[in-house]
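Which chain is which? They are A, B, C, D, E, F, G and H, in the order written, and residues in each are numbered from 1.
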Amino acid sequence: MGSDSDLTIMKDAVEILEIFGVNTEVKILSAHRTVDRMINYAYNAKKRGVHVIIAGAGGSAHLPGMVAAVTSLPVIGVPIRTARLCGLDSLLSIVQMPPGVPVATVAINGAKNAGILACQILGLKYPKIATQIKKYKEELKKNVTARSQKLEVYGYDKYLRNKDHKKILN
Amino acid sequence: MGSDSDLTIMKDAVEILEIFGVNTEVKILSAHRTVDRMINYAYNAKKRGVHVIIAGAGGSAHLPGMVAAVTSLPVIGVPIRTARLCGLDSLLSIVQMPPGVPVATVAINGAKNAGILACQILGLKYPKIATQIKKYKEELKKNVTARSQKLEVYGYDKYLRNKDHKKILN
Amino acid sequence: MGSDSDLTIMKDAVEILEIFGVNTEVKILSAHRTVDRMINYAYNAKKRGVHVIIAGAGGSAHLPGMVAAVTSLPVIGVPIRTARLCGLDSLLSIVQMPPGVPVATVAINGAKNAGILACQILGLKYPKIATQIKKYKEELKKNVTARSQKLEVYGYDKYLRNKDHKKILN
Amino acid sequence: MGSDSDLTIMKDAVEILEIFGVNTEVKILSAHRTVDRMINYAYNAKKRGVHVIIAGAGGSAHLPGMVAAVTSLPVIGVPIRTARLCGLDSLLSIVQMPPGVPVATVAINGAKNAGILACQILGLKYPKIATQIKKYKEELKKNVTARSQKLEVYGYDKYLRNKDHKKILN
Amino acid sequence: MGSDSDLTIMKDAVEILEIFGVNTEVKILSAHRTVDRMINYAYNAKKRGVHVIIAGAGGSAHLPGMVAAVTSLPVIGVPIRTARLCGLDSLLSIVQMPPGVPVATVAINGAKNAGILACQILGLKYPKIATQIKKYKEELKKNVTARSQKLEVYGYDKYLRNKDHKKILN
Amino acid sequence: MGSDSDLTIMKDAVEILEIFGVNTEVKILSAHRTVDRMINYAYNAKKRGVHVIIAGAGGSAHLPGMVAAVTSLPVIGVPIRTARLCGLDSLLSIVQMPPGVPVATVAINGAKNAGILACQILGLKYPKIATQIKKYKEELKKNVTARSQKLEVYGYDKYLRNKDHKKILN
Amino acid sequence: MGSDSDLTIMKDAVEILEIFGVNTEVKILSAHRTVDRMINYAYNAKKRGVHVIIAGAGGSAHLPGMVAAVTSLPVIGVPIRTARLCGLDSLLSIVQMPPGVPVATVAINGAKNAGILACQILGLKYPKIATQIKKYKEELKKNVTARSQKLEVYGYDKYLRNKDHKKILN
Amino acid sequence: MGSDSDLTIMKDAVEILEIFGVNTEVKILSAHRTVDRMINYAYNAKKRGVHVIIAGAGGSAHLPGMVAAVTSLPVIGVPIRTARLCGLDSLLSIVQMPPGVPVATVAINGAKNAGILACQILGLKYPKIATQIKKYKEELKKNVTARSQKLEVYGYDKYLRNKDHKKILN
């Protein structure tokens, strides 16, 4: 990530990767303040055994695109929401890459999805991770279904008033 | 893709994949008009040996997200530019996916990059493709450098007037 | 709705429908996490006697459009406001549907209007509901007129300071 | 519609309604230039046996909302694309209606979908129309499937070069 | 104004008009909920001696445009900021009027300026008001100049810390 | 206006003013290139007998606001559409004026409405102009009604094919 | 700056300039409320020995452009974020200047960068300032690197929980 | 510039610099395709005697920001208009730089202004260039004034019809 202020968002990616048993390293590499370190990291990532890079940045968010320019590994970009333009600047800076240098962009603040997408990519090579993603999706489905059933039993009014249900709201 | 009117854009992805020697299949599967076929395709893709799915759609562009909802394969989304809102609608519909169901979104009309991103993903498993991407990036670099040198030799005025150079403009 | 976090908004639709004496069922059906349940629900809705479907979703809001793709019943879409892009993403994802698959879109967070629109649609078949809508609109008119008269009597300053009036502010 | 310049778009709604055998009347009623006629039309529509009103307008598009303010019939709004702001002004003016007065908004220039939505609404009362919509959706599905099969047989290159296929684009 | 929730903004216009000694009447007239009253008011305003109408509304803000459609008096429109789209919807709905029916639009939440603009218009007929506006602008100038001088004397740091200066901020 | 490239739009204002018999003067005064002339013009306008100023500008459109800063006459601003941002830049630069210095903003490229608004303002002092506006609005109404009747007689298909009708479009 | 409400942002520029030992003067000069003072200031700035002007303004932000129209010194514009449109209005009003009158625009609320940019410009003439900027950039680099190392040592979880690190978050 | 397709815009900067007698070099340096060359160029620019760098790029426009990250020279950024999002993506990518790394951003396609801004910056060190800018601005003023006088003599109608005047438009 480009700044430690992005960490409260980017940790969602790390948590997912840890759940799926994927080795991760977390670094602050600013495209604008630490150009050399950023380029060295991206340049050597493949040799060091890195498979996928997740890069999060906000505003004039050049980190994901610059990493993608240096490496031939797949790079996932997370636009971080900014106070000024609601993350529209981050999103457009990351997603509108020129031909030849793609960044796999996820939703604004979508670090969790960046983690999952990384796992889906890794799943091509490591069937165990692919299996885990399938299970994870099953869990999501069960969770939504369970909530729907509770809602139908309780009625929307009681469901909303009930603190425990509120807790499970996300 | 969701409609054959998207084909003039989406062919850029196929061309790249063919250059890199990747087997492809090209289908029109509308999220809204052929729900069953779309779901069946996405549901069975992995079993059939598909590794990555590239989905392009415009406007209220549900195809990439719905394919991602059904499969656990990585899905790359290409927002197709529309006449009405310049592709902003397509981009937001594709990229703003909820937690659990990422779509790897590329630029508006960025089908070429979708093809390259697919190759980068496949490169994790197939080192030959990874090597080709590296070469491809070298070619890009040489091409830009060659143009820059010509420009410096000719001057901007002659460069712009020269038809042959115009031809190589992209 | 796609998630129980949408319930605080979507309950406005249920309340209106209950006021008009319309039978309702409230379900959480995620277009992305519970594809099968969502499709089954939409596919069987008509046979089960459902007349109108109201679907609310936020961000990359595919639920209303996917329900509309499966059923031939009228589908009303409610774009839920998101923290990131103020609901512009939700609105464009829902309203910009392709030819053949319309979604009757209401305002961002406009669940109340979704309920009223559903009643207007039902009113074609059930004259009693049509009569109730007419009365409801009369009530709205009286309410606005009463406030305007109070404002003219009190003056804007006293009107704003008066807590009871503040309470009736909406 | 608010102006005869909208007719090239709004005719798509009439064509669909004629295909489905629905009686229609087409009028130019400007919310801003013919206030009385517009209000009289909307006020008397229900008594005259009108079931659904489709209103198309561009820019500061008040027609659909004002018609909805006067009638208790369901009103479908079609935002007409303008040269200035790509129809974003039309869309927001139509969809962002206040509580109590919904407009069922379709896509920018989405007159065809307005016609289909009207049929879906009428289908609640007239089962024959509901049956026709189902058939229409089947046709859409077959059409997409047929194109997909041709595409798979010909390959994308030949498909794009073939004039006859080009004709069936869009 | 269209709703008493707009009163906290629209009172800024009344205050300015009272300072300039202009007779005002403040009414809640919803374009959507009280169509008849709104039209009657606008239709009879000129006969009743009204010179300028200020209309404030939010979202799908039809009030100013509809009033302008009925009267030939100058109408000033105030787009009220909404929580959903930051007032962009209100602004576009009010300002993008079709040829023949202008609304003199001021800034989002710019009720104060609506009051001043009304006075500038009235100043053409009533030289006393024109003179007052000139004085008012002189006051604005002096006020800014005084603050600038204090700032230069205190330095920015002390200026910001000083509570009394803070009070005069904004 | 700020540049003679704005003249193709701004002439619509002059034409309306000539129709209503209002004396006009047309000048190119750039806020950025001819600051002194612009300020002198605005400063002396009232003394020279000018009643209303119409200012059109595009992009970073400072002309209307700067004229309004110097004069106490009512200033009408016309945002000129630019190729880059569809006139959104022009609109926001003109309409979002700070408290104390309003600009009566009309639609993007809305020079015709600027002319009509000027006449409505002048109508307060010159009843003859007010009467003409009323007649003008009656003409608009008749024109729309006549087109609607033709459309109903011919049917939309014939109406669209008929070249003479096409001519009266827009 | 145009108003003392901008001071909480614009002080960031002053602080940077003081750190680099650059003489500054801080003034409130409204383009709309104190036209003469603003023009006099800009007109005489060069003669008085001013080298660079930093102008911050919000909304319909004319100050930077008008200063640039009067002086031939480089002018740096800081778009101040507004509550209404997130600063998009300020940004477009400042950056979209017509040919001949550039404003060097920095990010929304980017006063700190305006200060640094001013120093970079001054660095051309005063090598000492250029040296300081180089050092400043080194500091930025070290700071980011130090945080990254701490993060790698602590892990993201402990890093986020640790109050001292939180303090250094920016 | 990042691509020779930007040359038709960026040549406007070169032309201005040549008029002012400033030595220039024109290069194609892609932030994404030729990372090393871009960094080397920016890193060595100051030592080689470069004073100001003008960087133009479109879409996910990283070139200006990355150059600014490497050099301590002032960097001027030109957002190039793209077909997809009208240059809004280019503008936000360039202007929204983080604290510490400013880019002096000019208007979309504003290469001419980039050239003028560069001259204004150089003017601090080279008084001859400052004098030329002053003259240039005088020329602009005369040109506008001359057109205004012609317009007043001819009338708008004849002015628009006159081909020679048309030629001098823009």
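As a convention for this text, a residue touches a chain if its C-beta (ideal position, glycine included) is under 8 Å from a C-beta of that chain, and two chains touch if they have at least 3 such contacts.
Small disclaimer: the values here were computed from a predicted structure and weren't measured.
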Message: Show me the overlap between the contact partners of subunit F and those of subunit G.
response: E, H
Query: Counting C-beta pairs in contact, does A-H beat C-E or the other way around?
result: A-H
- request: Quick one: report the Å distance separating subunit B from subunit C, using the average Cα coordinate of each chain.
  value: 37
Query: Which integer distance in Å separates the CA centroid of subunit D from that of subunit G?
result: 50
Field: For subunit F paired with subunit H, centre-to-centre distance based on mean C-alpha positions, whole Å
entry: 32
Field: Intercentroid distance (Cα basis), subunit G paired with subunit C, Å
entry: 45
Statement: The positions of subunit D in contact with two or more other chains are 3, 30, 33, 59-60, 84-86, 88, 95-98, 100-101, 103, 107-108, 137, 140
Task: Spell out all pairs of chains that touch, sorted by label.
output: A-B, A-C, A-G, A-H, B-C, B-D, B-H, C-D, C-E, D-E, D-F, E-F, E-G, F-G, F-H, G-H
Task: Under the touch definition given earlier, write down the residues of subunit G that touch subunit E in their complex.
output: 3-5, 7-8, 10-11, 14, 25-30, 33-34, 37, 59-60, 83-86
- prompt: For subunit F, which residues are in contact with subunit D within the complex?
  reply: 81, 86-88, 107-109, 137, 140-141, 143-145, 147-148, 151-152, 155-157, 159-160, 165, 168-170
Residues of subunit C touching subunit D in the complex: 46, 51-52, 72-74, 76, 91, 95-108, 110, 112-114, 116-117, 120-125, 130, 133-134, 136-137, 140, 170
In the complex, subunit C residues that touch subunit B: 2-3, 30-33, 35, 39, 59-62, 65-66, 68-70, 82, 84-85, 88-89, 92-98, 100-101, 103
